[in-house]
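Take a look at the structure below.
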């Protein structure tokens, strides 16, 4: 169930039997010459909907702009600064908490979000605690990165080996091809692709990775692969959500 | 064209002939017993895509959470505080500006966003100016509220008269029915509906408007009406975008 | 009664029978070649004092610097950024709320303040709610723009027609002439005056409106007109304050 | 010359021969049973106008709400938090700096402002430096506390001895009586008055100083004394402003 | 060389041949019944000094309070909120950058810092970029966690196996015993120790981990072990610093 | 007792008989050609430890970076902006307050910190009050500047007369020589030293005070003097802490 397609009375009813919610978070950033700018949001949203169907959980609106400052030297990238994203998540979760939600399960499509999202969780717990909100000690947040699931990872290695790379990867590109089969891009891709440079500022990033890929060969992606990734990710995160929602501590 | 479905190289090419972009902004908030929580985002996004098709403009990712603090006493509502939304929009637009975009056309689906979005524009112009960004004096932002277009407004009056109301209106509900014909909700609606109370804080709002409607009768909505509203809004905002993009001052 | 001319014990006594307060808000900004930089604050303050006399309400100190970023390319303008003004109003109202005030009636002299002041109200309600302040749900804020009152508006149209314009208007200039009859300025005014340009950043504004006027002919102003505007505005806002203070919801 | 009573063209002309400006800063806070809540702003504004007349300097609008958090347990007090006041002063001065002002002379009426105003100056210099504003190294800010001038201080000691105290003092009350001879308050004043307690939070302050006075006997004040204080303060600060404006380093 | 023990002229000279600096960052937080509250700062500082000696690099003052909000239900813990730490690091690094430092090597003693420190780096790069600071694209930041070095990790596993745990570990306790051999604590330690609970808010953390340890047996620590850990960490991080400082991209 | 060398259980026990804590605060800034960059932190920390030994009070970790923006044109200086330091102190003290500490005694080594630290105290009291924290009205903060103690000041005058100056003073340099007798620096010092210039921004400061000293002759310092200053400062601040901790109001 997507929160956007419910009424407030349906949410009120849902809260009588569950206090969990799934929040997809992606990014709006370059993904190499053939990857969609919305790749991370598209993957997170699609998988979140799958997990929502399996579990009956509500899926909140996708956070489609994240922390991608290092990609901002490529046109089309939109990024929040970490402090802005922290405030954004605090407001977002505080609204839901006031309504009765207590377990927030983020499905994340972008490695660059992880640090700031984790910092946001710390800030949010402290915010609730300092505000003396009742029952705030029951609140739990979790970030689950679909691309780091064990089976997803193994499939990527099996299909692409080292050509999976770490950005604009064939696995994420494949997943977007599965979602948008009519929007498969083609563009010349250099055989040799930059890899292994640490990530610093935006200009440095573009110098190091001139076409935006990080060690990846997205030309290997197919919609069929995408379907496999989708199904594995949904399977793994369904289990993860069910675990999360059932814990008492 | 949706930004999320483009590559960075396509954006780079686009920027050689246009510096305009369309940004849909909605909200995630209660819309009465039968209105979808995502109503404002759904309408803004759909209309923005229509305008994008007509004009060839890029449509950026939908800002799906806005300023809806007064609705937060109803479950399912998610709101940013105004200061957070101002920072969010500043970061969002600064990223696009650095890439070369200069004309930002917001298509808005929520009256409660207007004040904060206008404040955001002021803050953004000043930010660019203080940072000494080159060409920042060419930047222009505009907010266009689809529901306030002349023809849209007249159609609503013609179809619904006073029962249009001012929140959870049949016109916006109709538009979501057109977009999601399989998600039409039904719920009992009191004949008498609260109207005319000024808006203060969230608790007061819920006391004044106990089912979330403000003077409206969304039971009058039909998907066919929705189609009409969609087409009129796209027509009006297409013209508005073309005007905006062509001005020199 | 001006708050500045009371003692704390007088305020304590006042609070036993009223929880309303009037807050004048203006701006410090250019008003064309003959308008005073303090025009908006002068008008708001004078009218607020008149309303205070009529109603027995306390008038708080004038917020004399507002949101005028678009005028900052003209010397003499002083502006807050919207986020600063929001924090300023939050602190200002929180102090008064802690003492027992609950109804805050802003008398505003500057159109550019409206968006940010409205955003401030939303932020303030949420602040009180999140802080768990007792009785915070009773707090109500209202912004009343003296220049938008029905009778004021009609008089301006009658006296000046289209030459009223929308900034450095003869009506507001007249009102300052009534307050400061010894400070009536004269300067050459071009017959043709810029009009109709949308407002973007500060540099663009000055390019569009080179002498600071927006479609107005302030040479039509007289102190006698000013007296009329003053009296009408006080009459209209007295009624508005009394309505505001008497409402239960 | 008051900035509020000038036109932008007059300011533009002024800037061709001076880059100095006087900024009165007061507070809105309890001043004991007989002192006006606006005492600090009234004194600062009046003295600033006198110094402005002597020196031909522009006097900016009075900052009438300052840092008075420790007085907020008394009704009628309005205070900014230090961080808000720092942002306020930064915006205020940045606007003036962009127009060409470089020497900012604060005339202060409230001891509680000093720490935050000094912190604001540091923040402002750094802001200009980090923004790479041209000529920012020429900017100079000074805070002059009228009540700490040598001759003012001596007169207070001569007239009142220990009964001058340190808040709601007869000297500042006298000055407001000189400015507002028709608003002289009377109320019972305990012979014994609290003194010597350090200042901590607002509730503690009110417990320590139950009627708001700190060791003072404002019953000694007269409008004639007020005139003397006014004249001495204007004399001392005129000299101080002239020194300030003439320095090269 | 410790920055605190240098003069500014020595720093000026140093900058003619190096633009690198080492910044120890720890935390002030409970470390179980026998671990020192300063454990993380003590370890980071000591190791940083060793690396500084090996490499001739300047060691900046230790950031001794970090992100430890989840430990704040235990007395003695001091934590910054993530947004505060991000601003702190931004100011800290901006000062050093303005003097000519460009390569910032953090030696970290606390896992809970990692997310926020990484977010701080992103914010800092963007800050420099937006401010148009010259040469800002050359800036590079790295966080090196001494306890995650390969050899350190292997030694901990060899000495303690699973009893290493993940907080208040024998390895870090040993290192503090090596630094402060006269401050070795003893206290009863339950045989069974909590382990495996995810980290949420502060109250939940204390419920899950009632004595503050996370799966560890710090009773195994000895000062001799601490010496081994120290030497290995210095060796590993010396190499890491030298790599970092020599890279061009 | 240093907090860093205690366990949380020892802190818990301490809180059963005392709610006071000592917090050393210094700075990281140039101190002329022969003064250590860490002078202010070194002095504050050493004296705080002495006072802690005399009184049995816990000494918290040294705040080693303070408000030194005016020194940032000299390499090696690190400064927070005032707003950052205010947030830092708020977080720092809030953590301690939640554990039960209520009396916060800052031992300060840097004049430039005073304004911002005082502003921080105001902000902190208000924060506790607004958050409705229980017992927050009992919280008291005090800043004690070791160099302003009566006997310390007299000794400096006796030993150095006018050559004490006001920055990079022989007294503080002597104290660091006592602490670090192996780190005594020598460098050429001009006979004539700048003095008397007011402090504005960083670039101006360096122009006025080209070698960083303000009217001082640190060549007069000796470690023996340092011992005397240390002992006097500890004696004076021990008495001051005991007074502070014993007061009820």
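Just so it is clear, A, B, C, D, E and F label the chains in written order, and each chain counts residues from 1 on its own.
Note that in this section contacts are C-beta pairs under 8 Å (C-beta built on N, C-alpha and C of every residue); 3 or more make two chains touch, one makes a residue touch a chain.
The shown structure was predicted, so the numbers you read here are calculated from the model rather than taken from an experiment.
Taking each chain's centre as the mean of its C-alpha atoms, give the chain farthest from chain F.
So the farthest one, by centre of C-alpha atoms, is B.
Taking all residue numbers at the chain A to chain E contact, is the shared part over half or under half, that is, same or different?
Mostly same residues: over half of the interface numbers shared.
Centre to centre, by mean C-alpha position, how many angstrom separate chain A and chain C?
That pair's centroid distance is 46 Å.
What is the distance, in whole Å, between the centres of chain B and chain F, each centre taken as the mean of its C-alpha atoms?
Roughly 53 Å separates the two chain centres.
For chain B, write out the residues touching at least two other chains, lowest number first.
Within chain B, residues 72, 81, 83, 87, 131-132 contact more than one other chain.
By the document's touch definition, which label belongs to this structure's chain graph: line, ring, star, complete, or other?
Its topology fits none of the listed shapes; call it other.
What is the complete set of touching chain pairs?
A-B, A-C, A-E, A-F, B-C, B-D, B-E, C-D, C-F, D-E, D-F, E-F
Under the stated contact criterion, what part of chain F meets chain A in this complex?
Going through chain F, the ones touching chain A are 94, 131-132.
Taking the complex as given, what residues does chain B use to touch chain C?
Residues 67, 69-70, 72, 81-83, 86-87, 112, 114-116, 118-123, 125-126, 128-129, 136-142, 197-198, 200-204, 207-208, 249.
Can you list the chain C residues touching chain D in their complex?
On the chain C side, the touching residues are 2-12, 15, 28, 30-38, 41-42, 60-62, 64-65, 72, 74-81, 83-84, 87-88, 90-92, 95-96, 98-100, 180, 183, 185, 187, 212.
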